[in-house]
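Remarks on the structure that follows.
For reference, chains read A, B, C and D in written order, and residue numbers begin at 1 within each chain.
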Amino acid sequence: MSLLQREREIIVANEYIDNFDFDEVKEFITNASKNLFISHKFKNSDNILVQPRGGFPTYDKVFELYGEFKASNVDVLPLTIDSNTRLNDYAMAKKMLALSEENDTNMLNGYPLVNHGYRTTRKMMVHYDTPISLRHGTPDARLLIETALASGIFEIEGGPITYLLPYSKNFPLDKAFLYWKYVERVCAEYSKLNEPINRESFGPLSATLQAPAIVIVIQLLEMLLSLEEGVKSFSVSFSQTGSMNQDAVSSNVIKKLARKYADKFGHTDAVINLVYHQWMGAFPYNKNSSDALINTSTVIAAIVGANKIITKTRDEAFGLPTKESNAQAVANVKYTLNMLKGLPKIHDEEEEENLTLQVDEILEAVFNDNADTLWRKVFNSIKKGYIDIPFSPHIINHNEVITVRDPQSNIRIYNKGNLPLSEKSFAFDRDKIRLGENESVVQKIIQDIGVML
Amino acid sequence: MSLLQREREIIVANEYIDNFDFDEVKEFITNASKNLFISHKFKNSDNILVQPRGGFPTYDKVFELYGEFKASNVDVLPLTIDSNTRLNDYAMAKKMLALSEENDTNMLNGYPLVNHGYRTTRKMMVHYDTPISLRHGTPDARLLIETALASGIFEIEGGPITYLLPYSKNFPLDKAFLYWKYVERVCAEYSKLNEPINRESFGPLSATLQAPAIVIVIQLLEMLLSLEEGVKSFSVSFSQTGSMNQDAVSSNVIKKLARKYADKFGHTDAVINLVYHQWMGAFPYNKNSSDALINTSTVIAAIVGANKIITKTRDEAFGLPTKESNAQAVANVKYTLNMLKGLPKIHDEEEEENLTLQVDEILEAVFNDNADTLWRKVFNSIKKGYIDIPFSPHIINHNEVITVRDPQSNIRIYNKGNLPLSEKSFAFDRDKIRLGENESVVQKIIQDIGVML
Amino acid sequence: MKVVTGVVGNDIHVVANRLIDISLQERGFTVFNLGVNTYLEEFIDAVIETDADVLLVSSLNGEAEGWCRDLGILKSKFDLSGVVFMIGGNLSVGEVSTEEIIPKFQNYGFDLVSHQSDLNEGLDELEALLKERL
Amino acid sequence: MKVVTGVVGNDIHVVANRLIDISLQERGFTVFNLGVNTYLEEFIDAVIETDADVLLVSSLNGEAEGWCRDLGILKSKFDLSGVVFMIGGNLSVGEVSTEEIIPKFQNYGFDLVSHQSDLNEGLDELEALLKERL
């Protein structure tokens, strides 16, 4: 038995789950319908795939939610995991699931997949025969991913950086790297059986004033860490910045650099997709405004040429959306994408050049770290503040980088902290910032967070 | 007394109106609040002005409608005239206005301004102290425009071509030119008293598969005919084509050529604005889809850099919108324009070059007509089919030009009829058309009309 | 079968009118299309002149109610008992429910009333009625 | 005045937490910010340790209901009668009306409950209550 397999046996020997039958799972995946694989759908579709977010505590509610989504012609179904499971607190998840089932209310903000188990969950996935994407935010996702893959969920979102810095306060970063290595390997292994399992990174990060350069660096690093373990289908992603031009610039640069670095590291056979998240920051409390915001995100996704769009709903500011409003959001996005034709190509050479420069500069510093493996280089870079994101709750994050918006609403680096940026590429950003008279940076940040209100 | 003034006296001596006091009107305009002039607002605003459509039979309903619009932060108020008044059928308008007032229902699809008269109407306009735009569709608008200007309505939409070809079956075209000459002159005269009266042409035409080249030719000709009479502030316009790229191309070309031809004809001091109409064709019966369509139009208007956007509502397919949904549409558009930042500049050199070529070719043929005045050249050109729009109800229109959409939804000329286009510029269009197997042109046209459904 | 068609009143919406013309021809009718902006009297005159089997009126801009109230009076002046009267399109100003509209226009004297519904379904109904009447 | 603040439960939404920290400082409070992902017991410990006047709990991701039910029990274990207990943010999973939520959290033992409302208004309320209690 391989080391990995031994570790897997230990992981699935968990008091909260029934016995785990690896052979049966292997057989299931080998013979699974192609329709469950998003990698297959990416290959065979010219259109942007539409994927909502969503998860409820009980099986029945998720089943109904999927029914609504299918009626809206959804392309990819989501399974969003509750926040207790995300932090491996299966006990609390169990308790809240029981309360939810008894009282027919939602005491969890997502589906506690581990508690439900793969035998139950798979029924639903096979029933709908549509790709499902797992959305969690879990630094130690080993058991969760085993359960997901066994359930027929063949796209796994996350990564050691993107599911840690925005999602955890003090989970050890080095452990996160190792646990995600496990996830990558399991995905790579299963990818040999049928169509590839798709891995997706989470570009929105803390969804608040993220500088494109940092986002792209993190996307590329998680991509490389994943491909390194044998994954063959990977999606990089970012979320609407608040400036249409910055979105276009980000898109052009991330597509170009993802391919470049994948090839450079020898992964020429890997397929790389681009995912665009509709506005991830603070939403307006006016639902008509939310509709307008969502529609605008859709238009931008189409213009920047994403392969998949992940949607929000008009309920965003209020709480978990009802299944009806979630399905309505999908229907609206589908309508818009269908109707939207004659898309122009947007280029901004100067901006693209500087963004490329910033990304290359940071990556160079990361690669130059003298650790022996890529994950250790990345680990050190985060510790040193070469990678530092605004609004991370995590204690390892330096929290020195400060970003604000320029007058066109582009997110610009105001304070570069320890980011290894040249004077030139930093000045390009910083010089575009304009503070009002008597406006403090803090005031500006608060205003910029609320830019869509 | 000048000839014009004598004509004016005759025009206002109409059995359906009270006596008309020209001196009082002159004084009113001379001292009118700057806020009533859109020309003033264009000058002093960096943002796209938002103008809805709307009109109801009774004074009270329009008053309430304006109240709603103001609460939504509208920039320009509309006054849409009913279709009887448009065809100078004041008797029918009077009858239906009476029925509407008695039964508190809407028996007219707009405001019968002539029947209400300027003394009444002006009260409302002065009360709201906001620019008002007159929307009618009247070939003989002389009495209507006298009444409008006297009421404080300082933007007049229309023109001899754009308010005739789509709006009339058999009104004599030569008369339309002369009647509009009257309108231009009155506007020019009043423009000397205070801020200029703004004239606006109606680019959407029959709102169905209009080729950009023809739209732009007509816009430029109406602009020249207006400036020729002394108008100093003019808006050219077009409506969403269904292809974002074609919208951007149209915008770039119309802006460039409007300035070029205005200058060429010696009107260097005239201010030219660009107006974008949200989708003017057949609307979906699904109101959420309509919202999405409207929002997408807004995004495009911002991208193409219009100075004013004219809005639709989610009720479009059903009937005249309620004041609430009309005001909501304005609020949504305002939200989107406010939130939409970092607009990219779109250029498509090849498309812009060909469109410019087509416009120049047609205009050259018009200018080469050997009539003595511009309006007669244009008149002859329409008779000869040099200008020919699809889906005109008017008997003078040749109805030989056929347009369909290419795969990117750009409107392309399939049959050029008598349009004086070179082989080259026509082939550019025609070669992009793809008909499906066994698809007739008629089938394609029907499908293309319903492109937003 | 002969059909007179057109758009009633001061209504100049021509797109549907063109499609209706094509659709009727495709279904084998002989079509006399008076186009837009046609008054009720003109319709009746044309029906009599052409000895039409069907009068198919369109209205899009909400005017129909105002223009069609007098259909009864006109019908009573001539013997038009063999003619099918049909109206369709968008039959009221503002949004009014189909249930409210249909009886109103039936009272005016229309045999078939079709509000905001599909053209082909409407023409199917027309053909069904014509078959029935044979 | 000393305030202990943080985000309760397995909730990692940090943006509001940062702004609250800044706002409290601007209003002259001494702030002990425990950050996100803080359990009720940790809050109570910190209140006792720092001898705080106010416990200001945030919850954004809808977990509050699950985590705050036991506040009463905890409060009964210690003498915290001088401390103002406040909670705010987004206090339920899914959309629930404020009228429904406020009494629920008051029952759990909070003096001030602020659901989906403005931070500054909430802090104004807090200061008003503190003044009253003096």
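The working rule: contacts are C-beta pairs under 8 Å (C-beta built on N, C-alpha and C of every residue); 3 or more make two chains touch, one makes a residue touch a chain.
Not measured: the values here are computed from a predicted model.
Using the contact threshold fixed earlier, the set of chains in contact with both subunit C and subunit D is empty. With centres defined by CA atoms alone, the chain at the far end from subunit B is D. In this assembly, the C-alpha centroid of subunit B lies 57 Å from the C-alpha centroid of subunit D. Rounded to a whole number, the gap between the C-alpha centres of subunit A and subunit B is 46 angstrom.
Averaged Cα coordinates give subunit B a centre that lies 30 Å from the centre of subunit C. Taken chain by chain, the contacts run in an open path, each chain touching the next and the two ends left apart. Applying the touch definition to all chain combinations yields A-B, A-D, B-C.
Residues 83-84, 86-87, 89, 92, 96, 99, 106-109, 137, 166-170, 206, 208, 282, 285, 315, 317-320, 322, 391-393, 442, 446, 449 of subunit B are the ones touching subunit C in the complex. Every residue of subunit B that touches subunit A in the complex is listed here, in rising order: 241-248, 284, 286, 288-289, 291-293, 295-296, 298-299, 303, 328, 331-332, 335-336, 339-344, 346, 348, 408-410, 451-452.
Residue ranges on subunit C touching subunit B, taken from their complex, read 9-12, 14-15, 17-19, 22, 35-37, 61-63, 65-66, 90, 92-96, 116.
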